[in-house]
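So that we are looking at the same thing, I have put the structure below in structure tokens.
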Amino acid sequence: SPGSDSPGNQNDRSSAPDSRELQPVTVMLDWTPNTNHTGLYVARDKGWYADEGLQVDIVEPTEGGTTQLVATGKAQFGVSYQEDVTQARASDVPVVSIAAVIQHNTSGFASLKDKGITRAHQMENKRYGGWGSPSEEAVLKAVMENDGGDFGKVQILNIGSADFFTAVERDVDFAWIYYGWTGIEAEQRGLKLNFLELSELEPALDYYTPVLITSEQLIKDNPEFVEKFMRATAKGYEYAIKQPDEAARILLKNVPELNEQLVLASQRYLSPRYRDDAARWGEQNPQVWERYAGWMYQHKLLPKMIDTKKAFTNEFLSE
Amino acid sequence: MAEIFMEDVTKTFSVNGVLLSVLDGVTVQVEEGEFVSLIGPSGCGKSTLFNIICGLTTPDRGRVLLGGHDNVPAGEVVSYMPQKDLLLPWRTVLDNVILARRAVGRERAAVQSEARELMPLFGLTGFENSYPAELSGGMRQRAALMRTVLARQRVLLLDEPLGALDAITRTRMQQWLLKVWNNFKQAVFFVTHDIDEAIFLSDRVYVLTSRPAKVCLHLSVSLPRPRRAKLVTAPSFLALKKEIMRALQVQ
Amino acid sequence: MSRLNQADRPVNMGDKLWPALFCLLAFFLAWEAGVRLLDIKPYILPALSQVLNTLGDMLPLLARHSQSTLLEAVTGLAAAVGVALVLAALMDLHPWIRQGIYPLLVVSQTVPIISIAPLFIIWFGYGILPKVVVVALVCFFPVVVSLVEGMQSADCDMVNLLRVMGYSRWQVIRLVRFPAALPSFFAGLKIAGTYSVMGAVIGEWLGAVNGLGVFMTRATHAYQLDRVFAAILIIILVSLLIYAVIELLAHLAMPWYYNERRDD
Amino acid sequence: MSRLNQADRPVNMGDKLWPALFCLLAFFLAWEAGVRLLDIKPYILPALSQVLNTLGDMLPLLARHSQSTLLEAVTGLAAAVGVALVLAALMDLHPWIRQGIYPLLVVSQTVPIISIAPLFIIWFGYGILPKVVVVALVCFFPVVVSLVEGMQSADCDMVNLLRVMGYSRWQVIRLVRFPAALPSFFAGLKIAGTYSVMGAVIGEWLGAVNGLGVFMTRATHAYQLDRVFAAILIIILVSLLIYAVIELLAHLAMPWYYNERRDD
Amino acid sequence: MAEIFMEDVTKTFSVNGVLLSVLDGVTVQVEEGEFVSLIGPSGCGKSTLFNIICGLTTPDRGRVLLGGHDNVPAGEVVSYMPQKDLLLPWRTVLDNVILARRAVGRERAAVQSEARELMPLFGLTGFENSYPAELSGGMRQRAALMRTVLARQRVLLLDEPLGALDAITRTRMQQWLLKVWNNFKQAVFFVTHDIDEAIFLSDRVYVLTSRPAKVCLHLSVSLPRPRRAKLVTAPSFLALKKEIMRALQVQ
């Protein structure tokens, strides 16, 4: 077996895995650790990264900094979403999406039941709590106009760091949430929501969120390294798909600050959605990329159209 | 009737539980239009005595009569000039000197024109609109004295008004002070450390012992007025000086 | 006799501007040269020239956003002064009140505002109010500290003297304690003014419709760092503007403090 | 003769703690009662009792996170002092240097750190370094200002006297200028110390693995406000700890400053 | 050979472009072991003169010889006590008084034990380890004087060492100062505003005019030593006093 040639090495090995041989890797998340990231934690906890010779640090992000930091190599991998990658590439930030964590967009517009927003046109004369993404207005406009609504009648507010629940407490009628986290929390609280899933409102908006990204440079210089990382990561997500409760406990063990009930419920919601209808976990469809980038360009959200073939790759997915 | 009459005044301070006996049965009085000095070592309780007259401190024992009456507000009888000049830095000289007079509710314009007329006597002409920070030490003292005099009360309490000045300026200011006193005829109760100064200015001198202060000498100064600076070398002056020095044990 | 309160005088920024401008120029040059020579990507650190270019292009938009921010900063500053006046007056009433409140004020400064942001939103909504509150929270502390210290610096003997003269308690406060506190108050206000715009930007970051904070968030999400830096330049300029106005007010309110001593 | 530098003495938090404790208790009672009486939802404002409960439960975890944060805060504070010493020494060399650097330092305080956060990570990585840098940025300003003012407060005549005695320039700095700056330095250091933990938390918010900032972000995003408040209590405690240590150091370093005047 | 010899010393300051003529051809000298006083109105330039002797200010014109030599470091000949006591607040009394002696590189322990022995003479016994802030004004002045004396230079330059004290404490300190001088036999160059003090202490007195300062009177004081406090009322003393008062125009 490797490393058994020197007695000194053996000594080390008997006490702890030889960390000197492991290659340090930094993964920067897109938000606080949550069930979107379960696969990463599982792979690390099960020692699958170590098996590939990697020592993975999972770092929580700077506000809006993940993509730049991955592009500059400060983190080798990051968690992002398709819109962000598209924006970044249009601004010549050289990042590449290497896996779709969830096959379909589980985000959408949520509001308290009594606001009566069951269709997109009912957003008229309501107040929307946004978070400063450049595409928000275009998305709202598109989905409302699809439903015969007048976008001009929506009042948009940046709710910044406040969460959905505090925001809808008084000043906001609806906001854009991930159902897998915030929607589940609402269920936990027994709060009745109307939820309009984005992918149903406008097919072009069924983009990948979140995705794993890395830099063009790294792919060029060290594809084996990316492959190793992705092999273990995929194993992690496969495990999470098969064993939601076990996976959730691993996440909780690593991030004990989280709310146990929320994580468990969220994981049960999300596990079947990681792979969903795709052949394998992480698969990205060129059409999805082309369709969404085109949509963004049409809506003048991009300074220029991007070459979507360079924006993502499936080459690091196993099998 | 004495303007100020204090009998057997005694005061003990308590600082962090430690008792500090400051005045021990002090009896002094100031008659109408008289110039009386109080001389005593540093920290013996002279300022405390003045504070008692002003009602800022209450004595433990003893009687204080102002203008023959018990319980009159001090401000209606005396005008006080503390050891520091205490000019308000944010007011011009003119507004500072009328401060005491304005307190009794006089009209501002009238008081101001009254003050303007007196500026030459106090050597402050041209500085009416200056702030105190722009004045020299001697000028500040003169402004503070002017404020005290302008209150036009029957007694001036002056607590070491010349203490901050150098000896030469001080000698000049003493002569000027007598001129002012002559002009306004108010009674003056004057605190000093300086033996020459006390004799030179006063009709009577009280000498206090160190803490707790008692009157250890009470002296009438019957030198003729007006007095000139060279009086301090006159034999009659020196006899008084020797007596005070002996009382203060500085021989 | 030395100048009153000389030790308390703040270092005067307006005294000699040339050395500062020189340093600033050097800094700008280093920035531009650094970016060009090290070939730093514009999404990491844009060159100064690019930032200035963007600043020029975006001026109307930035001006509009600045208006909201300036309004929040100034309103917040005014609120801070109001709160500080009340608190300082309270603490001046009795040493016990001071000893009770003061340490709590110090402690309150250790709480990171961002962590209680949600409460702000719930209490004050998304209008101008929460921003004003954040600005006031950031600014009231230096003002209240300087006010308390200023009022304490009023000479007891001066107060006594005026009492003997026959002035009432409130007249004495107006005539002595209040003016005595002014130099210290303005020193604190200058510090607060410097921080007020930053406070407003943080407040906007908690949620807003308009303002430099919103502008910066949007630009960050669109990878337009040149716009972010243009906004930072504007923030600095607006802060300096507020500082200058306070300096001016101080000169107007305290001519006696700035007048030079003349020799007699 | 009055106490040296009396006016400069910072309000001593340790003097009389009872009134402060009383106010604190009142505040706590109001909090608990308010939440109960108004039936405020725990995800909007948890009751104090609940927060304390959570604090008890989470103590081991909080202790672990506090360690990182404390380390960052103290290291950052030390770095701030180092930078401040260098800057102050520089500014002490010549008034021109002071006039050149000082306004820029003031200006630098107007820049919201959060808006240049990504730059920090790029320059300093994810380790402890960027947090230390943020703490140092938050803390160095009060320290440098107090140092500069302290060194300027050294009596020129004292310096001259020692020069006439035959002491060298550097000996005089050691014997006079440095000790003269100490009271002011410690006053500034106390302010900086109060802010240091908050600085570390903000630093962690820029991207971290451990620390109270991470704990709070996670708790916020998992909608557990009781945990957020438990962390805030810890932040306050750690801040007070740092304050107390600085106070102790000040007493050890300047016995002459705290000794009471005896009557002779 | 004179310890200090200054000839025709002239100094003009320029403050914001305004010229301020301070010294105008001053010639003074101090012989070995002699007690010489300099008296003059406030602001006339006395401290400036001392600063010139110490090398802190360079004269515009004139000659300064220390111990007969040009260009010796002042610290090797004179020991200077400035107008303020300038004790280092962060050093104990003991460490303050040995400051001058340590400057010339003496061993600390030796200097300390030397200082300890002299504490009784300076009335500081028991205060060796106190900080200056714990001392009264009189004690601070004595400590500052002790530091100056302990430097053991051939001349002491004392700039108004008793100026901050009240008149009564001051009179006591004058007698004590003479005792110390008698003990150490160093020459003393002494600045004061107080005519009595100058005559009482000195072998010779220089009187300066107001700014720009010129020597307007040079007086030998041939009163017998040791001198007692009551000397100030002796006729021979008063004759000298009158002469100085006339020179200073305070009559």
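Order of writing sets the chain letters: A, B, C, D and E. Residues in each chain are counted from 1.
Assume a residue touches a chain if its C-beta (ideal position, glycine included) is under 8 Å from a C-beta of that chain, and two chains touch if they have at least 3 such contacts.
Computed from a predicted structure; not experimentally measured.
Visitor: Supply the minimal count of touching-chain steps required to go from chain B to chain C.
Guide: Each step joins two touching chains, and the minimum needed here is 1.
Visitor: Centre-to-centre on C-alpha atoms, which chain is most distant from chain E?
Guide: A
Visitor: Where the centres are mean C-alpha positions, what is the separation of chain C from chain E, in Å?
Guide: Roughly 50 Å, centre to centre.
Visitor: Need the CA-centroid distance for the pair chain A / chain C, whole Å please.
Guide: The answer is 40 Å.
Visitor: Report the inter-chain centroid distance for chain A and chain E in whole angstrom, where each centroid is the mean of the CA atoms.
Guide: Inter-chain centre distance comes to 83 Å.
Visitor: Which residue numbers or ranges of chain D touch two or more of the other chains?
Guide: Answer for chain D, listing residues that touch two or more other chains: 44, 114, 118, 122, 220.
Visitor: What are the residue numbers in chain A that touch two or more other chains?
Guide: If we look for residues of chain A contacting two or more partner chains, we find 63-64, 68, 72, 163, 166, 169.
Visitor: Residue numbers in chain E touching 2 or more other chains?
Guide: Not one residue of chain E touches more than one other chain, so the list is empty.
Visitor: All pairs of touching chains?
Guide: A-C, A-D, B-C, B-E, C-D, D-E
Visitor: For chain C, which residues are in contact with chain D within the complex?
Guide: Those in contact with chain D are residues 7-8, 11, 13, 15-20, 22-24, 27, 44-45, 96-104, 106-107, 109-112, 114-116, 118-119, 122, 148-149, 153, 194-195, 197-198, 201-202, 205, 213, 216, 220, 228, 231-232, 235-236, 239-240, 243.
Visitor: Inside the complex, what are the residues of chain A that reach chain D?
Guide: 26, 28, 31-34, 57-65, 68-69, 72, 74-75, 163, 165-166, 169, 185, 189, 255-259, 262-263
Visitor: What residues of chain C sit close enough to touch chain A in their complex?
Guide: Residues in contact with chain A: 41-44, 114, 117-118, 121-122, 125-126, 204-209, 214, 217-218, 220-224.
Visitor: Going by the contact rule at the top, pick out the chain E residues touching chain D in the complex.
Guide: Interface residues on chain E, with respect to chain D: 54-56, 73-76, 78-80, 82, 84, 86, 88-92, 99-100, 103-104, 130-140, 151, 164.
Visitor: Under the touch definition given earlier, write down the residues of chain A that touch chain C in their complex.
Guide: Residue positions touching the partner: 63-64, 67-68, 71-72, 84, 87-88, 91-93, 129, 132-134, 156-163, 166-167, 169-172.
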